[in-house]
Amino acid sequence: KELQQFVEIEQQKARFHAQVHKFTEMCWDKCIDKPGNRLEAKEEACLTQCVERFLDSTHFIVNRLDEIRKQQ
Amino acid sequence: QMRQQMAVAHAQELLQKMSERCFVKCVVKPGTSLELSERQCVAKCMDRYMESWNVVSRAYANRIQTYSSDS
Amino acid sequence: KELQQFVEIEQQKARFHAQVHKFTEMCWDKCIDKPGNRLEAKEEACLTQCVERFLDSTHFIVNRLDEIRKQQ
Amino acid sequence: QMRQQMAVAHAQELLQKMSERCFVKCVVKPGTSLELSERQCVAKCMDRYMESWNVVSRAYANRIQTYSSDS
Amino acid sequence: QMRQQMAVAHAQELLQKMSERCFVKCVVKPGTSLELSERQCVAKCMDRYMESWNVVSRAYANRIQTYSSDS
Amino acid sequence: KELQQFVEIEQQKARFHAQVHKFTEMCWDKCIDKPGNRLEAKEEACLTQCVERFLDSTHFIVNRLDEIRKQQ
């Protein structure tokens, strides 16, 4: 049972990392135009908000799909 | 059961591709919240994406049938 | 034998769906500039012809590869 | 047999990537048929893509050999 | 051991994506050697990419926690 | 033991081909603007140097990661 739990936690971590890789690519393209000598405060805010708004947007889509399904 | 698993996998892929494309198109500068205009854009974008999926699916199915009936 | 047939049909469907996902991405980029309130007739025609011309184009490439191979 | 399977998989990947890139480059506005000029473009594009594949393959092989002989 | 394998896989994916993006951004016209200015650009780019990875990772983890504590 | 060697060599080839596919896509986008009647000398040089500089650049990144790790 402990082994099972260990495997589940590791799988969760793997999914988390896979998402972070995907988000980094997408938000890097949106927020970092020219990599400078340091990460500007504006760029950092953009990255954080990019992740948050992407999750909002996906959440909005999933909810809307549910509503459409109910209406049918 | 296998059929269900596949339908789920298929819906997840649609959701994933749609989310990414509509986010990139509609949220140009991510702000402190998802604004109304951005949400409206995402709603339109997902409707059009799903319609496009159906149009593409029909066109591809027609093409496969035409070939099969030719040979 | 029935199970085998069932598996084959499901695999065929999975391949079909995978292709539809790929075509939708490619043709969406080609045909839909700004998602509007409804799918315009022009956009729908573009999507259909995009799939057809892509298949034509792949067909043309496969035939030409065959010819090249025969000449060697 | 395994070698053959791999060669097939490799050829399919080349075909897939080549088809997509050449279609996107050559068929800007898909019409009711594949026009002559589009077909000529696709033919050139696939020839150049396959040549490019060979050039890249040679350059990469050379580089691996240089490193191996250094160490 | 499994944990190590995953950390390695994860680091390799980071390296791969970072290499490709920083090369495309910094080496616009590949010349006969990697020039100093290109090397400086790649160095900056990889630092910023890794920082971005951390920022994104933190933002995503925060969001997951907020949701979990809500429900 | 021979079988093992055979499998290893084939795996090496597969990795090599996978890389060549990836490099061809990336360098094609960088070096070939409009596919012409033949591969120009300039385009061929660009492709070769694109592969070489990409490997230089990855090498540089790996070395720099090692240095950063040692400093910590």
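Letters A, B, C, D, E and F name the chains as they come in the text, with residue numbers starting at 1 for each one.
Here is the rule we use: contacts are C-beta pairs under 8 Å (C-beta built on N, C-alpha and C of every residue); 3 or more make two chains touch, one makes a residue touch a chain.
Only a predicted model underlies this, so the values are computations on that prediction, with no experimental measurement involved.
Visitor: Sharing over half of the contact pairs with A-E by residue number is what counts; pick that pair out of E-F, A-B or D-F.
Guide: From the options E-F, A-B or D-F, the copy of A-E is D-F.
Visitor: Can you check how far apart chain C and chain D are, centre to centre, with Cα atoms defining each centre and the answer in Å?
Guide: So the centre of chain C lies 19 Å away from the centre of chain D.
Visitor: Give, as an integer number of Å, the spacing between the C-alpha centres of chain C and chain B.
Guide: Each chain reduced to its C-alpha mean, chain B and chain C end up 15 Å apart.
Visitor: Among the residues of chain E, which are close enough to touch at least two other chains?
Guide: 22, in rising order.
Visitor: Of all the residues in chain F, which ones touch at least 2 other chains?
Guide: Within chain F, the residues that touch at least two other chains are 31, 50, 52.
Visitor: Beginning with chain A and continuing through chain E, what order do the ring chains follow?
Guide: Traversing the ring with chain A first and chain E second gives A, E, F, D, C, B.
Visitor: Which of the residues in chain C come into contact with chain B in the complex?
Guide: Touching chain B from chain C are residues 10, 13-14, 16-17, 19-21, 23-25, 27-28, 31-32, 35-37, 39, 43-44, 47-48, 50-52, 55.
Visitor: Mind listing the chain B positions that touch chain A in their complex?
Guide: 15, 18-20, 22-24, 26-27, 29-34, 38-39, 42-43, 46
Visitor: Which residues of chain A touch chain B in their complex?
Guide: 26-27, 30-31, 46, 49-50, 52-54, 56-58, 60-62, 64-65
Visitor: Can you list the residues on chain D that touch chain F in the complex?
Guide: On the chain D side, the touching residues are 2-3, 6, 10, 13-14, 17, 21-22, 25, 41, 44-45, 47-49, 51-53, 55-61, 63-64.
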